[in-house]
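Chain naming follows the written order as A, B and C, and within any one chain the residues start at number 1.
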Amino acid sequence: MSIDLETKKTVKSITEKYKYGFTTKISSDKAPKGLNEDIVKLISGKKKEPKWLLDWRLKAFRTWLKMKEPNWSMVKFPKINYQDSYYYSAPKPKKKLKSLNEVDPAILSTYEKLGIPLEEQKRLAGVAVDYVFDSTSVATTFKEQLSKLGIIFCSFSEAVQKNPELVKKYLGTVIPYTDNYFATLNSAVFSDGSFVYIPPGVRCPMELSTYFRINAENTGQFERTLIIADKDSYVSYLEGCTAPMRDENQLHAACVELITLDNAEIKYSTVQNWYPGDEKGKGGVYNFVTKRGACRGNNSKISWTQVETGSAITWKYPSCILQGDNSVGEFYSVAITNNFQQADTGTKMIHLGKNTKSTIISKGISAGRGQNTYRGLVRMGPKAKDGRNFTQCDSLLIGDRCGAHTVPYIEVKNQSAKVEHEATTSKISDDQMFYCRQRGLDQENAVSLIVNGFCKEVLKELPMEFAVEAQKLLGISLEGSVG
Amino acid sequence: MEKLIEDFQIPDKKIETWKFTDLKKVQEKNNFRPSVKSDSTPTNPYKINLDISNNIFFDPKNNFIIFENGYLKKINTKSDDLEIKSLDSNLENKIFNKKNFTRKDSLLDINSAFLNENLIIKVKKNAKLKNPISIFYYNCEEEKYLINNRINIILEENSEAEINEIFFSNNKSIYWNNVHNYVCLKKNSKLQHYKIQLESKNAIHSSSTNIDCENSSIYNNFIFSIGGNMSRIEVISSINSADINFNIKGLYLAKTNQHHDITTLMQHKHPESKSNQHIKGILQKDSSGVFQGKVIVAQDAQKTDAFQFNQNLLLSETAEVNAKPELEIYADDVKCSHGATTGELDEGMLFYLRSRGLNKEEARKLLIEGFINELFDDIENKELKKKLLLTSKKTIY
Amino acid sequence: MLKIEGLHVNVEDKKIIQGLDLQIAPGEVHAIMGPNGSGKSTLANVLSGKDGYDVTKGKITFLKKNLFDLEPENRAGEGLFLAFQYPVEIPGVSGMNFLRTTINSIRRYRKQKELDGVNFLKVLREKAKFIKMDEKLIKRSVNTGFSGGEKKRSEILQMSLLEPKLAILDETDSGLDIDALKTVANGVNNLKNKERSFLIITHYQRLLNYIVPDKVHVLSKGKIVKSGDKNLAIELEKKGYEGIM
């Protein structure tokens, strides 16, 4: 072991409690607990959805009933009682909102506590924010500016009302409702989420951003996001989340679908900081997410960057289907597990088109009793002539009670394709620690510094303002882990 | 009651460790039946079959064991330090504790249920065997037999030995060879273990070598897999104490519609041991290759040094390769890494050779040779190394 | 010997060489100098026949043959040798085996008798000794794990074994210490004769102190912008590329 017991104790004593653990008191419009066809109909009805969407939800629900919870990942958790959850809750608007000033002050103060700069600050930073509070969007900014360019950036429900043809054309085409247990559940009961459409030739001038937040007690979160980048367009999308402290586990099963047409690019960045549970492993969010992008067009590109520091259990594999010739898929990931957290995350790069390229950089950090698994698939189809993949997975272990695992699948059916995979496992060396301390850093700062260095290749992929936040998070997430 | 082969679940892709190799399908197609000892087995002194004595890996100077069509024909020991005999199954459980090797498939159960021969090879304390032990598994029958044999190997303290297993046939026969090895390396012992798989082109080969390693022992395994229609070779280690040195080198060469699978499991249970795996594959025509390697480093196995590398060369448009190099690490002060590459011959290298006057074919040949050579570099038995190189060249060109 | 007329080369649709003319007579030593990105290495690679270079216009004749009709190995056979800027590492292939295979393929091409093991070793030892290349290095895998200097020495050894008519040295001097530089220059000077020509591609004038060129050309943006004798190189060293152009 690299760090002596005494320092461990010292550090433990100053461990900061989960910083973002509080609940906002506002009244929720809740559907009864439990899940059945009536609930699905209720959700759809509340949102005044067209029949085709209700039918789609019902098909998904009926499929879900026949499916079994997957058990192939390295994560362990008690059986989830899906009937003991609320599937719909919306904050009650006092009246129709005209501006952010009319938003429930309790909500605004929540964001303040989270340190999310609002309005003017964001405008200066060039960020349009579509706040998702619990399940329904309550405020959207920058709409006007974006709409001038023909960009659609709104809540999913709004898109269903205003742009049904786009939603119908693309929904479920990347993640079909039959895809997997959690995606199918999401398809049946998804509450709301974001919708983005970038018209041909448009480069979105600002980072689009949504902050998610679980709030009402026992509310399963089923976000659904759909982003379409039409020909020759570009968009960078940020997703960040924190959740308040809870004793009972909360299920979060989101779906994100990305589509790029010819020469288009989507950059999707996530900082995930749901409540991870306490030091004893009690509570915390179950984050079972399906994220997938399809590079439909030639020369298109999808880039996933994620910093996963929260949740009791993370189970997600942001993937790319590289259909178009010369299309590019990227996956940059930092996953931290501390205390009793478990993460099983990675990506799938499915190369179908000619000359497609993918890069995977994964950095896993395990501390405490955390278990961190990289699970990835690189598949070169028979037509993926000259396909290229480079994968690098590095694991860092802090302490001797945690685990770091690497499970890559490499399937090559094309002679000219080239796949390279590398993985290493290491710890923070005594020499590094000593060097930092000799230069005056305390243990905690030294660890934070070294970990940030370890993750540099991924962090540099994040948009500037996000990167700063992420760096801080790495430090906070590892508090009390030293040794 | 007598068991039937139908009583067993033959492994297929539903089992995670068989994700890329479907044995069930092959069994359904061929319907192999457990072999039966025929009454006509000659009791008079056995004369070594010409196919065996003409085999390039046969050396009369060596200690040897000969199986013919699944049954033991001859044991020839040249040293008093070496003991080879049949082992009673009941006794086996008393001598060996095989708790370190649990399986999630039926292959061992099948082996036990229809076991033809169960041998024990024992190398005495402090003995350094001068001559290798060669084990020939030879087949010349065209009946579709499922052949089950088991070899248990013990190297006592401070002993050293080399064991070569050669699987081959007259190349017409069709059979499924299902072999299990259990190896126990006592303190300070050293074993060179070569597995030379040259089965007939219609045969199925499945073998599993399970190695218990004690203090300061050294195990060097070399897998050479070129025969059979489908082969699955497993090496499973259990590192039970400190200062163990465990090496696996492997080469699969596949052509036509062959399927080769090398699967390894490295269980580091104690601190301060080393393991090193280097597996290479060359795939031609419609063949497919699989490497699955898992390294588990337990919480107590601090200061483990584990390395794993898999390289594949695809030489045809229809060849296919699947790799799953896995790490499962529960200790922090360890050095573990793995790598896997798949591709054609390197274009930069090809151009360099061509700019020096070699034509495309010559350049390719030289590069393929180089690819193989790297693996053969530290084979200790130079004679054997020559023969293996010769055999692999014949397979590629 | 070599005649390049109006050469235009693109790499991935980017124009790298744009109208280059150059003529080298037997026995001449030419030096091409130029800043980074001027197209020096592209020229070397096009001459030796590497893939990925799109010749859009122009002609190159080598010993009266159209160079573009020849595969890389046939160019080598005809007597064109490229000392690589970054010699390729080939693990598993021993230097000994490699050298013998190449020398004999080239001898076959030139309709000369192949060398047997004994004669090959004799020639190899002699040449290796001259350029101070350790024989142990030759027994190892080609270039694998060699230092920068060792790699360049190994290129010169190959050059002396393959006896080319035109040798192109692509930044052979980069990364060499002064002793290695002298050995490399010595190797080249020793090979100089009335028939054999050299094209030396370099960044600095340093190497040209040891190998005296007959002509010096300055390459910029894919064109030769200035030619002169060895004094041009000295002038360049003093004034820099900007001062000259």
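One rule holds in what follows: contacts are C-beta pairs under 8 Å (C-beta built on N, C-alpha and C of every residue); 3 or more make two chains touch, one makes a residue touch a chain.
Keep in mind that what you see is a predicted model, and the values were worked out from it rather than measured.
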Open item on the list: According to the touch definition, list the chains common to the neighbour sets of chain B and chain C.
Closed with: none
TODO: Specify the chain most distant from chain A by Cα centroid.
DONE: C
Task: Distance from the mean Cα position of chain C to that of chain B, given in whole angstrom - done: 48
Task: Distance from the mean Cα position of chain C to that of chain A, given in whole angstrom - done: 53
Open item on the list: Distance between chain A and chain B based on Cα centroids, please, to the nearest Å.
Closed with: 44
Task: Sites on chain B at which at least two other chains make contact - done: none
Task: Residue ranges of chain B in contact with chain A within the complex - done: 16, 19, 299, 302, 312, 314-317, 319-344
Open item on the list: Which stretch or stretches of chain B touch chain C in the complex?
Closed with: 347-349, 351-360, 362-363, 366-367, 369-374
Open item on the list: Going by the contact rule set out above, which residues of chain C touch chain B in the complex?
Closed with: 48-51, 71-73, 75-77, 81-82, 84, 87-88, 90-94, 97-98, 101-103, 105-106, 109, 141, 158, 162
Task: Contact set on chain A toward chain B in their complex - done: 1-2, 72, 395, 397-427
